[in-house]
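Have a look at this one before I ask anything.
For reference, chains read A, B, C and D in written order, and residue numbers begin at 1 within each chain.
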Amino acid sequence: MFSYIVRRLLYTPLVVIGVLIVTFMLFRVVQGDVSAEYAGKNASAETIAEYRKELGFDKPLFINSEAASERGVLAVFDSQFFHHFKNAVTLDFGRARVSKQKVSSLLAEGAVPSLTLTVPMFLGTLITAVTISLFIALVRGSTLDTSVVVACVCGMSLPFLALIMFGQYFFAYKLEWFPVFGYEPGFAGAKYFVLPVLMGVFAGLGGDVRFYRTVMLDEINADYIRTAKAKGQNTPRILYRHLLKNAMIPIISKVVLAIPFLFLGSLLTERFFGIPGLGYLMVEAIGQRDFQIINAMTFVISVLFVLGNLATDVCYALVDPRVTLN
Amino acid sequence: MRSRLMFAWPIAVLMLVSGSMLGCSEESGGQNGSGGDATLTTRGALSSKVRGMDPMDIGDTTSSSVASNIFDCLYQYHYLKRPYELIPSVAESMPTVSEDGLTYTITLRDDVYFQDDECFTETEGKGRKVVANDFIYSWKRIANLKNVSKNWWIFDGRIKGFNEFRKYTEGVTDKKDVDYDRPVEGLVAVDDRTLQITLTKPWPQVVYMMSHLPTAVVPREAVEHYGDEFINHPVGTGPYMLTDWRRGSKIVFERNPNYREEFYPSEGSEGDKEAGRLDDAGKRLPLIDRVELLIIEEDQPRWLKFVQGDLDIGGIPKDNFDTAVTPSRGLTGDLREKGIVLEIYEDPATFWYGFNMEEPLLGNNLPLRQALNLAIDRDEYLKLFLNDRGMPARGVLPPMLAGYDPDVDSPFTVYDPELARKKVKEAEAIHGGPIPPIVLTMGSTDSVARQTGQWFTRAYQQVGITLEVDYMDWPSAQEKVKTKSAQMYAMGWVADIPDAENFMQLFYGPNASPGTNNMNYQNDEADALYEKLSVMEESPERVEVIRQMQKKVIDDLPCVFTLHRKAYLLRYDWLRNYKPHVFGYGLAKYRNIDAELRQQRVGR
Amino acid sequence: MTAISAEPVVSTASAGRSLWYDAWLRFRRKKLAMVMLVIVVLYVIVGIGVASGWLAADWQDSVGESYAPPSWDTPFGTDIFGQSVFRKMIYGTKISLSVAFFASLLSIGIGVPLGAIAGYFRGYIDEIIVWLYSTLSSIPGLLLILAFAYALKGATLFGYKLDGITAVYLALGLTSWVGLCRLIRGEVIKHKNRDYVTAANAYGASKARIIFRHVIPNVTHLILIDFSLRFVAFIHAEVILSFLGLGAKGEPSWGVMIDDARLELSRGYWWQMAAATLAIFGISLALNIVGDALRDALDPKIRE
Amino acid sequence: MSDTPIIEIEDLAVSFPVPDAAGRGRRFNAVQGVNLSVYPAQTLAVVGESGSGKSVSAMSVLQLIPTPPGKYESGKIVWRGGVPGHTQEGTGVDLLTFDDKRMRAVRGNQIAMIFQEPMTSLNPVYTIGDQITEAVLLHQQVTRAEANQIAIAALSDVGIAAPASRLKEYPHQLSGGMRQRVMIAMALACQPTLLLADEPTTALDVTIQAQILELLRKLQNEKQMAVLLITHDLGVVAENVDTVAVMYAGRVLEYASVFDVFQNPMHPYTRGLLKSMPVLGREVDRLPTVMDGATIPEDFPAGFTVHPHTVDRNPPGGYGGPNSHLYEVAPNHWVLCEPTAENKDAKPAHPRLAFRRDAVAAV
């Protein structure tokens, strides 16, 4: 197992390098020189040149052979690609184009509100969906089962944007059950999160229940469940002891791989409910073409995802004895 | 002198400004603090994020108005007097100007201190007194190329020796090595309280610039202490101090206990007394202890928050207009019952769709440009996209500026599709064939931009011109305009000083792209008139020159003038001393709250 | 040998029905799925009708006042220009379906061959393809789509300038093949060791022939199921991209209608939102149910 | 030996929904009118092809048919082996009337079942020790350590070497034969009175198969356990069982002692089935099919008619016609048939046959 983790750890940098190449291609090569955009509307040529220098667009893309001949061999790495690489690895993403804030601190600041929103949303959806699908697995084939599936599909078919706007207007404004908008850190702010979390759970439930229902059905029809029943085991323990442990494998892979994306926050919810998280930051960065932010977000989440992948494999090994990690 | 070249195109501007500019400094309302505590709090909303609070970097209205709670310039606008009038702020009196109009001597007040901050290590955090050198330092920061400030245009070519200073900074490798003590001929601190500015040529509007937020005074200690993070730790001399700033969520200011002695004005214009705006005359400023600003970018939640009484002031989003305002431009009954008051005021802004005059198809074809103007029904445009919150623009100058002429002689800036079709025929003759499709660059991709694009396409279709709309984000559109590669594009201009020169320079040949003359309009006679008016003191003769120049522009039609904007704004009646002000920032200090009335209205 | 089976040696004279026909018979039994299939076909007909100019070609005409509420003549009211929201909804079918269709096609075109090649050849080729999709799948989908859409916008391909919506087709297609590729790779690895592949090898079929004539037809049902579900995801993606300003310009799509309606809703003009939501809801529901039924009919593992 | 059956299945019918071509829901009887009985220490073989209803009948005994979609339409399953805390041994109770709680007391305790697929019938995420002791702990008042001892004993009973160390292994670490032995050990750990063995040897190779069957036989002799063996392997039947029930299309076609069935098959299907058996040393061009051999015997007992075999699994009126029932057409020989017109008074008979082979009787 240990050697497996080490091997997977060694594979991780390869994927991270892949991500860096992709982001480099997208944000430096295809996107091109954005210094003029950065310099703003009334910028003089020298201001643009200054930005070009600051952003490193004055350097060659991959290999700085010119510098190498002047300043020695190591200067060959004084190129856009290696700076992109170095900056990412040292988490130094520079300053945002518009707000001039440090990108790393923007990410750090945004992570807390985003996670405050997405973690309860995610856990709420997960627990509700698993519970519902366990129950559905028991009554499979019945009218109730069919109606739950139809309800799920209906839920999945609603555009989220429409759902948010309706929820905010109706529950927060008309019925005044929740605050319309706002954010406070800590427990004081809990009230602001209730509605957005509920909306998120509601929106995510359809897809999740459908997914977990399939998982549960796959397992509840398995022969070992019949064996357990033939032994005289009672239903709750069959579900809990036998079914859930086997179903954990697909659940884990979905859960662990979803965790990195929790950092991305929720683009629409955050904007509408005033949660100053990373989703909000993203929407704004997209609107302002703030590639410093988009690039940093892409990289950080990708790395988390790669680590999540690794964690999934380790979890597999813990849950499923058939997985031999070698 | 230049103003803010505003956003992509008119509607976006309207929405942003109605929410943001008014939003910050003017959107304020009152709420009694918790319990019997006498803390007066006002709550407003911003419709866009505050980018940073370093005056050097500020280029947008939202950030300016927010930062103006903290920073002071040499001069400020009188809160109540109309027409707008400058009064001293950190300066003790209006400047003394030399005979040749080149040298300005300004005396500073003796009682202006920076806000207390840990950066003042020598005084153990106590704010020190502002001296003339602080202004010179603050302005040099803008000149320092390494700071890549957006605001260099304010000083570019205006002050003796300042461009040389900028040139010097270009050669410095690290911005920390820039020597701010390096002398500049035109900027001299005669003594701690006397600042002397020498211009390269006469520039009467320089005083207005000294009320423009980027020229506010900042302490060198803070800049050096916080470095790049100064944008998050603003230290100024203003009435409020930043106590909490959660980006994308909320900004909180509290009274600066060391604020200089300044009092609420005891004279105003007509109607101010009746409206109760002189009730607080002579009281020490600021009147409210705490200012809270929420950042709400989506219209729906901002509107809902306001209607619930959580905000004291709010712009009306375009699409809530019907709910709020009756067709006769009054407030609907249920809003009036809640104590909401509608404020309507004119905004010195003009919006247009510019042509790139260097592009041959449009540039060489006056009848085509006339046709493009004639095909636009400005009334319908206003109705559909602005709920009639404005008036059709027939010329360059907006109301409120000297030179504005409601009956300006411009036969082609009216809606006349018949004549337009005729002009298209003429244009085809000049072009030597059917007019090829014209490409309109839209600096936004949102729903209103799409609808506007569609509306223009339909309008031109009626007169036989094909329009193709190219939607993109604002920075890309800017880039296209600046590189003269946009054929037709949406643009707007809002004056931030009450002077017509501010508009006329947009049509001055040497200002062509990447300067502010984005239409690349070139007319020798107009250039001569501009050069004349730009150095003249305000006078009836100058107004005449301005009108002559405007006439030249209208005859040449380098754009489709569309509208002048009117701002509609809602506030609760418990917010006192409210008066719309289109140039001034930092007005929160004049506001007051009737806490009892608020309690009675919303129970909070 | 004593083991003699009671599994009878019954002469099975009944003609071998093809796998697909069998699946169709199973599918046909589900009434709900059949209804939904008809709905999908209707959408497609409408989409083709719009694309060929038979339907809703007059969407630009004003049929009434600005923002007229729904009435008998204008079932979903009118928009800001007095255009019929109903016609726009019909017209929107074209954009949404073609975005989903071309993006799906592109992702199948990339994902299936890559997956098959990786699964069949293994070794270095496999390593490289796996690395490629591991990399792409670690980048958040939306960010990747946005980056692609920005990068592709205004680019020229085969002399054709890519406008906003084409960039969206490409961006969705170029980023979404990963899941399919992984699926096909896994299946091909399974199939590779099956006897029929060994047999094909034995009679000297070329590798390309084995992959494309023998293996891929055996995983086609997975592609079809994937296609039906992916389609829904693409339709929803169009809405989000429109919200972010990357959608269609100059002609209505459902995403654009919802984005427009975002500003109209609080004013009480709900009909444009309702029309677009309904249209999306209809096709999503239909495709989801058809997709489920397809899976039940085609995938013997899940079949009960 | 007792002369009352320990279990009797009477007129059992179980239905499942089958959507027809029009998509409408319709219920189909997977088994119908099934009558069977097993005596203590006896082995009854239920033979028949896949889908003939063998497994459904056996699973019904433990109420293991998932309901829905399945449904017990009619019939009784009379159990005389006693139910802990409910009835004494010898008293007949209908298992189909049991609720889940009472049923659980029987499952794995008095009646155990071995399933066909040893690969999938064991839970992959638990060790075999966990899985065997689970059954023991459920039904016996023992400590975990004692349960472990019982598990070890059960494993060694089924011939697994080093049973103590095997307890810690996971199913995937064992071979197919070992897994099947584990299944048997699990079933036997609580010393059931009746063992339902659903094709316990199908998945195994011939030598293992023989070992397992021998093992079952041995255990049966030692513990006086009744066995209901489901198989389609006629070789196994010929060598190991006492009585045979032949099933087809959800019905029992013929029931008799193993010798009667092999020497004197009466139902056309049984005859066809036996004739399709290849005979060692005889050369044939092709093996005869069931249809080839499905003839009605010329000496079919007077007073009864039997329908020729049909391959239609769902003939109108049910297999063998609407009036077919099991009749004792010859002594100790039951066949699904109809009485002729002159034999109107003949009553359908519940098959009961306490026959056991010599080897068993000798015990």
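The definition used in the following text is that a contact is a pair of C-beta atoms (placed from the backbone, for glycine too) under 8 Å apart; a residue touches a chain by one contact, two chains touch by 3 or more.
Treat the numbers as computed from the prediction; the structure is a model and nothing was measured.
Distances between chain centres, each the mean of the C-alpha atoms, put D farthest from subunit B. The chain closest to the protein's centre is A, with centres computed as averages of CA atoms.
Looking at A-C alongside A-D, one finds more C-beta pairs in contact between the chains of A-C. Chain centres here are Cα averages; for subunit A and subunit C they lie 23 Å apart. Each chain gets one centre point, the mean of its Cα atoms, and the points for subunit A and subunit D are 54 Å apart.
One simple way to say how far apart two chains are is to compare their mean CA positions; for subunit A and subunit B this gives 39 Å.
Centre-to-centre separation of subunit C and subunit D, using mean CA positions: 49 Å. Shown for subunit B are the residues that touch two or more other chains, namely 300, 304, 473. Shared interface positions of subunit C, i.e. residues touching 2 or more other chains, are given as 245, 259, 262, 265-266. Listed in rising order, the residues of subunit B touching subunit C in the complex are 299-300, 303-304, 317-323, 384, 444-448, 450-451, 453-455, 457-458, 469, 471-473.
Residues 131-132, 134-140, 142-144, 146-148, 150-151, 232, 236, 239-240, 243-245, 258-259, 262, 265-266, 273, 276-277, 280-282, 284-285, 288-289, 292, 302, 304 of subunit C are the ones that touch subunit A when the two sit in their complex. Note for the complex: subunit C touches subunit B at residues 60, 66, 80-81, 153, 164, 245-246, 249-250, 256, 259-260, 262-269. Residues 14-15, 18-19, 21-23, 26-27, 30-31, 149-150, 153-154, 156-162, 165, 169, 214, 218, 221, 261, 264, 267-268, 282-283, 286-287, 289, 294, 297-298, 301-303, 305-306, 309 of subunit A are the ones touching subunit C in the complex.
On subunit D, the positions that touch subunit A within their shared complex are 17, 62, 64, 66, 68-69, 100-101, 103-109, 112-113, 115, 117, 120-127, 131, 134-135, 138-139, 170, 172, 183, 186.
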